[in-house]
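The structures come next, written out as structure tokens.
Each of the next two complexes has chain A plus one more chain, namely chain B in the first and chain C in the second.
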Partner chain A sequence: MPTVTMHVFRGDARGGDFKEYRVEADPGMVVLDLIHRIQATQATDLAVRWNCKAGKCGSCSAEIDGKPRLMCMTRMDLFNEGEPISVAPIRGFPAIRDLVTDVSYNYVKAKQVPPLRIKPPEPDGTYRMMQEDIDRIQEFHKCIECFLCQDVCHVIRDHEENKRAFAGPRFFIKLASLDMHPLDTVDRSAFVKDAAGVGLCNITKCCTEVCPEHIHITDNAIIPLKERMADEFFDPVVWLLRKFRSKKKQPA
Partner chain B sequence: MSARVTAARPPIAAPHLRRDAWWALPLTVVIVLGSFIVYSTWAAFQNAHYWAPPYLSPFYSPCLSATCLHVTFGYGLPEIQLPIIGILSPAFLILWGPGLFRLTCYYYRKAYYRSFWLSPPACALPDAQRRYTGETRFPLVLQNYHRYLWYVAVIFIVLLTWDAVLAFRFPRPAGGTEFGIGVGTLVMWANVILLAGYTFSCHSCRHVCGGHVDVFSKAPTRYRLWHVITRLNEQHPTFAWLSLFSVGLTDLYIRLVSLGVIRDLRII
Partner chain C sequence: MANQDYEVHEHDVIVIGAGGAGLRAAIEAAAQGVSVGLVCKSLLGKAHTVMAEGGIAAALGNVWPEDNWQVHFRDTMRGGKMLNNWRMAQLHAQEAPERVLELERWGALFDRTKDGRILQRDFGGHRYARLAHVGDRTGLEMIRTLQYHGIHQGLDVYMECTITRLLKDGDRVVGAVGYWRESGRVVVFKAKAVILATGGIGKAWKITSNSWEYTGDGHSLALWAGADLIDMEFVQFHPTGMVWPPSVRGILVTEGVRGDGGTLKNSEGKRFMFDYIPEFFKGETADNEAEADRWYEDKKNNRRTPDLLPRDEVARAINSEVKAGRGSPHGGVFLDINTRRPADYIKKRLPSMYHQFKELAGVDITKEPMEVGPTCHYVMGGVRVDADTAQSTVKGLFAAGEVAGGMHGSNRLGGNSLSDLLVFGRRAGLYAALYAKDFGGTLVVDSAQVEQAARQMLAPFERTGGENPYAIQSDLQDTMQALVGIIRNEADLKEALKRLDVLKARAVKVRVDGHRQYNPGWHTALDLDSLLTVAECSALAALERKESRGGHTREDHPYTDDTWGKVNVVVRLKDGRIQVSREPLPEMPPDLKALFQERK
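Moving on, here comes the complex of A and B:
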């Protein structure tokens, strides 16, 4: 591949703009390679976060031609030759510098999730789980915490005020994996509804669209959480049936 | 929350930087869904040409009024006289069920929030709504009752299956009925199969039939059911569109046969 024109965002919260760089691309390169080449040859102070270069550490999230992606997993042959490619930081979070943003919102939200509290062991002192009990939550454990889903979610991307009471898709899969855990004893329904704000999600599926691990965030985590919330807070029949059954889960 | 969390975002002036044809999908949805709404409303107002023996349009099934042209469950239905029947066609007694089922469907919600509400029109594009409360306030909080409309939709599958069975009973010129298969019979069966595919791939169905269980090994039947519905559920959007087309085209086919515009071909 010949020379590529890259428009890379340079700047911080006080101000910044896209700067044009012309850079050689070798066959098989990914966007992160070109960013590194720019850093090595033209802009040694270019700030960029990365670690594994294998799509597994979740550090190199950016918006390439306006789409949230991992820079290390975006091959250059995806783009039409001759057209400039824009590389911007993930815009849902505060700017630090250039392509690096402050994603601490996510760590704040992570801390709020009521953790797993497992039930007492069986009489022989062990725990037993069958394969079918954990199959469903396995998918959620593939998350690499790239926070692309958190970045693209319009609930907080376009409405900063919602950050207070919205956990975001990454933590909906976390909540679903805990809630569906066969050994768990915590009732997270009030948390899911009020603190995590699952009702704010309008299931428009952008999180699923951008997830580099192809986790079915909306179909397999958010919608089941919404249905579980309906059981708890909206469905009078389920409410009545539960009156006659003992509650197995305790509030967090 | 720390102060930094609310600090300023990267100062990028452009509302979005996508250069692909992101508008193509929402535009298609507006055109297709819009055309269906226009056609079905028009058809529901017609109050005629929905019955071309032995075919009954899905828009007018089941018979709920003595003024109906057809008989779903044999003769002797109670005469339901509602004041609106004189003004509106019986289709309006029926269409609220499937209509609200689709309106509250998780997939259609995605489709119309994106395409009609533009909230957001495509990923990483700005939300057109300035104030946003999602599905937490009235009326959108009512979307949480989707499962009740699923129960209603299941009843409709039973009724439409019965109509498709009756589509084998052709009237004899000399009176009485005989077994037969026409193109219309196949049309009605294709329609009811696609509608059943749509109804049983519903997310609420998946939850009610097994998704609510935490320990699947203790509920093997619900687990198996959930497993099958999960496979179907992956195709829910496909069923949503195909069944939308099939229900409209079934009505159109029967309408055209009834109007004499086309002739129904008898296969057997």
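Moving on, here comes the complex of A and C:
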């Protein structure tokens, strides 16, 4: 196999630059293999976050030739031979060192989401749920929290000021999955509208495009959330009905 | 004074490790009203549990009403070749169903039966379809459910923080010391009780399904703190890891492929597992293809397919086929589900396998067979614990999950790990909290111990001329792979120990470049300490046990020996050296023994 030229970002919160490494690539290798090879032989302190190396943990997100991807699932044969490959940290989050960024924003948002509160069980003490009622939510539960959707979302990518009142695609699917959960009893509509800021999303589907799990983030989660917001808050008939009817779900 | 020099956090209970066991332990301890710190080596939600695929074994009886805890208990003990701690196996079988239902109440969405209950799948060594699952990503569902439930229980979570030493006051554990990956700064945790939930040791082998984190930290921390480890000779090589391309060698291929109808074949197209049915399992295993295939639908009138023998049996069989020259082109065997199940079914039941082979190997598993071979997957051995309370032999130190020993005996059945994490994670959390509430006297941390741990951490920066840590790690993995692998013998094990001595001598001179901020070379250098320790424990225990049983096969002692079936090999530290001894297994009470006489 040929020697590959890699341009890897080296630096920290104060700044940095791409450094060139030339490294041997074996058949079937992925970008993360080459990063590891650089680490083992040329730059032992090259910082990179990774765990499973099988596309299941979502740790090794990076921008490879400018595109947000998982390093462990990006095969080298995707690239034209002889052309240098650039590997940069995901830009949507503050730099820590080299390819590692501070993704704590996501953990803050995660904690704000009003959790599941379930209804009482059936008389026999169990819960029954039909497969067809959970298929959609199981799609959302495939999320590996790689935060590539958060990285690429332009509501926050270049707008730090929006981060305060915007949860991002990852947490829209979380909210949608809770909302559609057959056992859930919580009404999160005020949260979805105000704290999560779903209205800021203008459905460009960038998040869906980069999702390594191929979750239909926009079509299956964000648009239904937006439709519900429109019904709940901006439809006068629904608003009036709500005045007189008791609500099925309790506010968060 | 340590408290002034270093960042200090104080809790009633700290949990080291945030996979299934650690999260479940932390949730339970918090429910007891004590203050809990959860320390994770990676980010929250990335621990190794995320990679578990097939399911959680629990005798819910949703698919086969005949199933109950006694049958599960019996399967577990037989799978472990009767070397399991019977009380752990009993508690596990009894409590697993409630732990699964509890996960459901916390938001987990398992695949469903037609009448809306939790669906269960077949797996190796289980008499009935018993594994609650979500396609082939059950571990992800489990860790997300625990994570999102846990963050609302008032836990303090310390992410990307590695613990390097436990702190002791006299004979009891009173905390831990470690470093932040991000800043490289030393951090001290004062705690009345410490729960180890650090997982396994698989990174000591070259071909492994385990991630970088699996460096035996908890095993080593316990040993260094004076605790006993048991059964360290028993290492599970999962029969089906990917073998091609080289960069993905070892990545797990779920047993669910065989549970859902897949079968192993050699280069001649033969379903070779029929040639490898051991005497011990003859009564319950189909000896012809027709019966094996009927078994999936009708378990009453047919015996189980030999493709679903326990993992140790299947791994050895694959090893033998490859050695006999009947392997696949890249040194594995074939795993065929493409000719046995329709493409839609495969994609629905095994979505991540489909994805994984398609993206990493360019193989469409609905059209072609997979190539698979054994990969280091799990260590049965671990910290010796009291079955009911999960407390180790050292006061204030608890262990749950893979880091604890005894539950699985000499070989773990698939699906019994996720249930183990939940059952004993909860128990560790509960009893650690109770212990902390009863903690007498004041919590005192000895600054000299903190200073010493800090000095050891920083030493690699001060050396000049030493080696690159990656080179030592790689040589260690080669040594264990070649000499302490699936098939062992005395000469190899002695050679391994000799080489480990050389590696230890190299490791104390290891040098790292750069500074302390997020420096993987430094982290690797520090992990060598625990990796070398567990490698030595495993090789010593393997040398001691002169028989073959479960995940320990000696070609110079090829038979299972009843006298060895009555003892655990125990390792502990004495005067700075690892000592090995044989100690009797706890004896099973007669009412449980009777379960093994009912059926042949």
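The definition used in the following text is that the second predicted complex is superposed on the first by the 244 of 252 C-alpha atoms of A that agree within 3 Å, B and C clash if a C-alpha of one lies under 4 Å from a C-alpha of the other, contacts with A are read in each partner's own complex, and residues count from 1 in each chain.
Here, contacts are C-beta pairs under 8 Å (C-beta built on N, C-alpha and C of every residue); 3 or more make two chains touch, one makes a residue touch a chain.
All of these numbers come straight from a predicted model, not from anything done at the bench.
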### Query
Where does A:Cys211 make contact in the superposed view: on chain B (first), on chain C (second), on both, or on neither?
neither
Which partner chains sit in contact with A:Met29 here, chain B, chain C, both or neither? Use first/second/both/neither.
second
Check: Of the two partner chains, chain B (first) and chain C (second), which one does A:His181 touch, if any: first, second, both, or neither?
Finding: both
* With the two structures laid over each other on chain A, which partner does A:Asp65 touch: chain B (first), chain C (second), both, or neither? -> first
Query: Between chain B (first) and chain C (second), which, if any, makes contact with A:Leu200: first, second, both or neither?
result: first
- Would you check which partner chain A:Tyr105 touches, where first means chain B only, second means chain C only, and both and neither mean what they say? first
Practice item. Could you say whether A:Ile137 touches chain B, chain C, both of them, or neither, answering first, second, both or neither? Key: second
Going through chain A, the residues touched by chain B and also by chain C turn out to be 129-130, 181
Within the complex, chain C is touched by chain A residues 12, 26-30, 33, 39-41, 44-59, 73, 75, 96-98, 100, 103, 107, 110-111, 113, 115-116, 118, 126-131, 134, 137-138, 141-145, 174, 178, 181
Listed in rising order, the residues of chain B that touch chain A in the complex are 1-2, 4-12, 16-20, 106, 109-110, 113-114, 119-120, 123-124, 126-127, 132-136, 140-141, 144-147, 203-204, 207, 211-212, 214-217, 223, 233-234
The residues of chain A that touch chain B in their complex are 9, 11, 13-16, 63, 65-68, 83, 86, 88-89, 91-95, 101-102, 104-105, 108, 129-130, 132-133, 136, 152, 154-155, 157-160, 162-164, 179-182, 184, 197, 199-206, 209-210, 218-219, 223-224, 226-231, 233-235
Chain C residues touching chain A in their complex are 42-48, 50-51, 101, 104-107, 109, 111-112, 115-117, 134-135, 137, 140-141, 144, 148-149, 151-152, 159, 182, 211-213, 244-248, 251-252, 351-352, 355-356, 359-361, 468-471, 474, 512-515, 517-522, 524
